[in-house]
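So that we are looking at the same thing, I have put the structure below in structure tokens.
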Amino acid sequence: MIKITEKAIDVQKVIETASSLSAGAVNVFVGTVRNKSHDKNVVWLEYEAYEAMAVAEIRKIIDEAAHKWDLLGWAVSHRIGTLKPGEVAVVVAVSSPHRKASFEACQFIIDNVKAKAPIWKKEVFEDGGEWVDARPISASMNN
Amino acid sequence: MIKITEKAIDVQKVIETASSLSAGAVNVFVGTVRNKSHDKNVVWLEYEAYEAMAVAEIRKIIDEAAHKWDLLGWAVSHRIGTLKPGEVAVVVAVSSPHRKASFEACQFIIDNVKAKAPIWKKEVFEDGGEWVDARPISASMNN
Amino acid sequence: MKYTLKTFGITRDILGGREVDFEMDGMKVSELKSELAARFPEMKSLNSLLIAVNNQYAADDLILAETDEIALIPPVSGG
Amino acid sequence: MKYTLKTFGITRDILGGREVDFEMDGMKVSELKSELAARFPEMKSLNSLLIAVNNQYAADDLILAETDEIALIPPVSGG
């Protein structure tokens, strides 16, 4: 299951989707909104995705992971829209017969989703907002 | 939170216990009962723990992890009693500011819990039961 | 040639629209990038800019068609 | 000396009880281990046997007291 959604993510459901009766291990990464960034208070985050392409890119990443590790189940859910600190932005869950593979595959997937999936976030502080990583830090800090 | 319990583990609750508003990353390991072991059907598993000591050993493991990585929250819950295939036997959740630390700390904790905590499981097959890892494989296979 | 550009993240703020018509003589992805930089100097301040064509990241020498779905991909920051 | 042994996992099957009284002359953990192997030969088939005293894994030369909480720890298999 690959899902880009405006609704709150049900972590338990994502885990169940990735689970398998023949898997002993499920590894889950939950990315949440932090209340601080660059020592400033985060009021909220805006996420947007190029949806069709994001799903296609995540599918490629999953295929690559399934080629490297013995995966029995997997699920990726990414939220878009307005998120408050503490809310869940992304969940990746994978199951495999043994735990080492579940850790490695889950980390591979989230690392690549963050690096390649066309999804963007804007951090909104008390004094304005900023697209994360869009510009060099020195430039963006002067905004 | 360290918990040894006869009741079904609420994974979502364990994750929430480990989460923190200042953490962007939560890694979670869920160990489930497999329906096969050594190519035989598992009918159920019996888990038992030396509870007071198990809690003390897990606490030592957590302390060691908190010393090595920047942990903002953590929770370990281990089930005991009779478990059917698919049921959750153990959940480890840790949160940290960055995801790499959350993966490494979670793996360290589950690896050590499995190696050191005084908890035992007996696999019950259609033709009898066996304490896992108690004897060399050749001996136990002849049982 | 007249292309339609989908914009995301900071490129939407710079170009000022979700879908922007863009006329230029060139037909290559590399030419689109230089034209964007020429007409919107702020584009040069981005850490990176990729172009996606029909939901795939495109190489610089890819030839664009007016019917392609063309998207501007500034540095991603999901997760 | 008379000790009380808590048993777990396969050691409970071998000794036949959750808490077992155990009399012997020795007072060291190492002596308890050899006595167990002598009286319950099946103990020798285990992959390992640790002794916990008062909720801590004990070294072989630790001296046991009759009031200690002594537990037999066969190979663990949690998770």
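Read from first to last, the chains carry the letters A, B, C and D; within each, the first residue is number 1.
Keep in mind that, in the parts below, contacts are C-beta pairs under 8 Å (C-beta built on N, C-alpha and C of every residue); 3 or more make two chains touch, one makes a residue touch a chain.
These numbers come from a predicted model, not from an experiment.
Most remote chain with respect to chain A, judged by CA-atom centres, is D.
Rounded to whole angstrom, the centroid-to-centroid distance between chain C and chain D, based on C-alpha atoms, equals 72 Å. Chain centres here are Cα averages; for chain A and chain B they lie 25 Å apart.
For the pair chain B and chain C, the distance between C-alpha centroids works out to 49 Å.
For chain A, the set of residues that touch two or more other chains comprises 31, 110. Pairwise chain contacts present here: A-B, A-C, B-D [touch as defined].
Residues 6, 8-10, 13, 45-47, 52, 55-56, 71, 73-79 of chain D are the ones that touch chain B when the two sit in their complex.
The touching residues of chain A, when paired with chain B in their complex, are 11-12, 15, 19, 21-36, 85-86, 95, 97, 99-100, 102-103, 106-107, 110. Note for the complex: chain A touches chain C at residues 31, 47-50, 52-54, 56, 78, 89-90, 110, 113-122, 131-136, 139.
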